[in-house]
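In what follows, subunit A forms one complex with subunit B and a second complex with subunit C.
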Partner chain A sequence: MSADTLNLAAEGGGGLFTPGGPGFEAPSVGIFFPSPWSWGDYSEALPYTSGITKYVILLLVATSLVVFFLWWTSRKLSVVPDRRQSILELVVLFVRDQISRPMIGVKGDKYLPLLVSLFLFIFAMNVMGIIPFLQLPVTSNLSYPAGLALVIYITFITVGIRSQGFTHYFKGAVVPSGAPGWILPLLVPIEILSNFIIRPATHAIRLFATMFAGHLLLATFAAGGWYMFNPAAGPLYGTISVLFSGSALLAFIIFTAFELVIMFLQAFVFTLLAALYIGQAQEAH
Partner chain B sequence: MEGSLNVIGYGISVIGAGIGVGIVFGLGMQAIARQPEARGPLQTNIYIGFALIEALALLGFVLAFAI
Partner chain C sequence: MLGLAAEENVLRIHIDELVFGLIAFAVIFALVYRYAVPRVTKMLDERADSIEGGIERAKKAEAEAEELRQQFKEKLEEAHRSYAAELQKASEQSAAIIAEAREEAQAEARRIIEAAHAQIEADRQQAMEQLRAEIGALSAELAARIVGETLADSAAQSRVIDRFLAELESGSTQQAEVR
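Our next item is the complex of A and B:
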């Protein structure tokens, strides 16, 4: 919720049942473009970049959170786990049994560090959106999921070339086995488009769009509840506006809980699809 | 009448996604009812299917703002 919306709503005159003043300004796409930090004489951003915005700071917070968690839980590793190690084992076994083994098989255990850190990192970046005072999910800007999807794209192509050879991998990826020869001129362009262009794009966009929509929804409930709170509009209308505002607050709380589930689910699905692409690239025909 | 055509487009596009998610969860519930001991793997696949279909609906939502 931008500071401008708050100021406009608090200025004299405006209100839900009070005429005059600006109407309700719904949060727009502008909340996803916070202004970069400027210092002293340098009022512009760093050259060739967007500057140090709230995204960069929260990215550093999420990274340090994940690094600290993984370091703290693996301090004293022993065969019989104590309480801290059990938390780490919970996470690693969850990723191994639900994501890595079903998609890649036992051979895929060497990709487990990548998948575990990917899962924890995306979950930490998503959760930045519901922590109070930090409310901005880092993945709600397309560049962060796009960077991760690019890493997975390069990874699975490299895995495919390494395990199947260059020509064998690309032939196997675009020509499904068992297809009759006459349909290949139609099928091969579709498969190339689907496997190498659309899959990485939707991989990134799925995560971005879900976090974008969720954050916009929470911001709308918060801004709407703030705007509708107008107890000074007389006894009847004041009570009605406080009831409206209370229900907006209730919806905000309920949707925050829902967003937590969605954030976990999207991290899980991103990691699952990454494992699926790596697994499909690795299986030798 | 004012407004944006983007949001109408989003509304039309989400009909398909709504039906799709309904089918996924409905058939998932039927499958769990038939064989309750298969609930674990079924739930994993249900959520995977939900996330994949939801991606298309959310793509429409984001494009309604971007274009």
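Our next item is the complex of A and C:
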């Protein structure tokens, strides 16, 4: 990312600390569109494809990380847990007691594998954003949250039809109970829009947008700090520039820690909403 | 990374990336579904079972210990009782033995005393018989002396008697020494 920001900062013309040099240009959304590798560049020929980009590589890294985590923590399970096993138990029990049980209840334990893998996968993809040299959250590309939201969309509709029956489920989902008959022509379209179109869209976009914005924020701090660092600008301007870029670095570090919290929180929220949707579909209205 | 792709819509959904994401998720889900969660759940159940079993076992052991303690207590009391009975019996026996011994001793003492009495009686009888025989001889001798001598006065008479008694005494002494 530093190469990106360096490039970005190098464009433009002139500024306070670099008289006659390039002016500051904030990182654009272009940082979310890494070029594909040439051997994977089929995006020119096919619409709605990107080719093998940095996102795909980071997806591979994140997936390997989760697979390794699962293998490493569950190699030798015993009744008396060691430290590795305790981590896995912590994750599984966290998802069960904080997400699955409050949203679906005890009968939701059968969705525990889905929720656990969802949580681990999203958190691993998010955390790519603060790992040095990788530094691009996979979920800042809408394709990945959209895929997961689609999985949950299909899952909760299937659960609803299976547990309530086709007619009963859709009737319960789009016709609000207790509403007077004359308002139904207005309410039913709204409910359809809300439950079957906006819900999966917001489910995906919430995660994507948070990661996107967080990454852009970090990139801005990094680019600004890098741009302002010019001790050769004279005794006064040099000192000020170093102080400015120092504070930008400090903010970058603080926001990186903040990002980590948000990455965890978004993984949690996505999983929580998935559990909520499944739980709602399972129970008759 | 070198050079950026042309500006695109931020809200893009690329089919290839979406499919890659789904494949990655399927891999993770398969692992979690087939491997991680069932094993963790099974292990958690086992742990709960073992903890419950442990509590159960501890309760059982406690009950057994209590029962054993009761048994020992009863046995101890029994032992105390039998000991007291034995003691009682022994003291009775010893009293009986002492009484018997005392009786025997008394009988023995009586027997000895009786034997001594009989001996004394026998000795006395013998002495009496000897004395009777000697008294006869002495009486005859005294009578001969009285008759043989002239008894002038009472002084001479008493002298004779005295001499006779003295002789008698010395004689009995000699006799006693002979015996």
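The rule we apply is simple: the second predicted complex is superposed on the first by the 257 of 285 C-alpha atoms of A that agree within 3 Å, B and C clash if a C-alpha of one lies under 4 Å from a C-alpha of the other, contacts with A are read in each partner's own complex, and residues count from 1 in each chain.
Everything that follows uses one rule, which is that a residue touches a chain if its C-beta (ideal position, glycine included) is under 8 Å from a C-beta of that chain, and two chains touch if they have at least 3 such contacts.
All figures in this text were calculated on a predicted structure; none of them were measured in a lab.
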Which superposed partner A:Leu88 touches (first subunit B, second subunit C, both, neither): second
Partner chain(s) touched by A:Ser78 [first = subunit B, second = subunit C, both, neither]: second
First, second, both or neither for A:Gln98, with subunit B first and subunit C second: first
Touched partner set for A:Ala213, first subunit B, second subunit C, both or neither: first
Partner chain(s) touched by A:Val29 [first = subunit B, second = subunit C, both, neither]: both
First, second, both or neither for A:Leu265, with subunit B first and subunit C second: first
Larger contact residue set on subunit A - subunit B or subunit C: C
A:Phe229 touches, of subunit B and subunit C: first, second, both or neither? neither
Contacts of A:Ile205 with subunit B and subunit C, given as first, second, both or neither: both
Which of subunit B and subunit C A:Ser117 touches, first, second, both or neither: second
Subunit C-contacting residues of subunit A that also contact subunit B: 28-29, 205, 212
Partner subunit B, residues of subunit A touching it in the complex: 28-29, 98, 102, 202, 205-206, 208-210, 212-213, 216, 265-266, 268-269, 272
Sites on subunit B touched by subunit A in the complex: 44, 47-48, 50-52, 54-55, 58-59, 61-62, 65-66
Residue ranges of subunit A in contact with subunit C within the complex: 3-4, 28-36, 42-43, 46, 48-51, 53-56, 59-60, 62-63, 66-67, 70, 73-74, 77-79, 88-89, 92-93, 109, 112-114, 116-118, 120-121, 138, 141-144, 146-148, 150-151, 205, 212
Complex interface listing, subunit C residues touching subunit A: 1-8, 10-22, 24-25, 27-29, 31-33, 35-41, 43-44, 46-47, 50
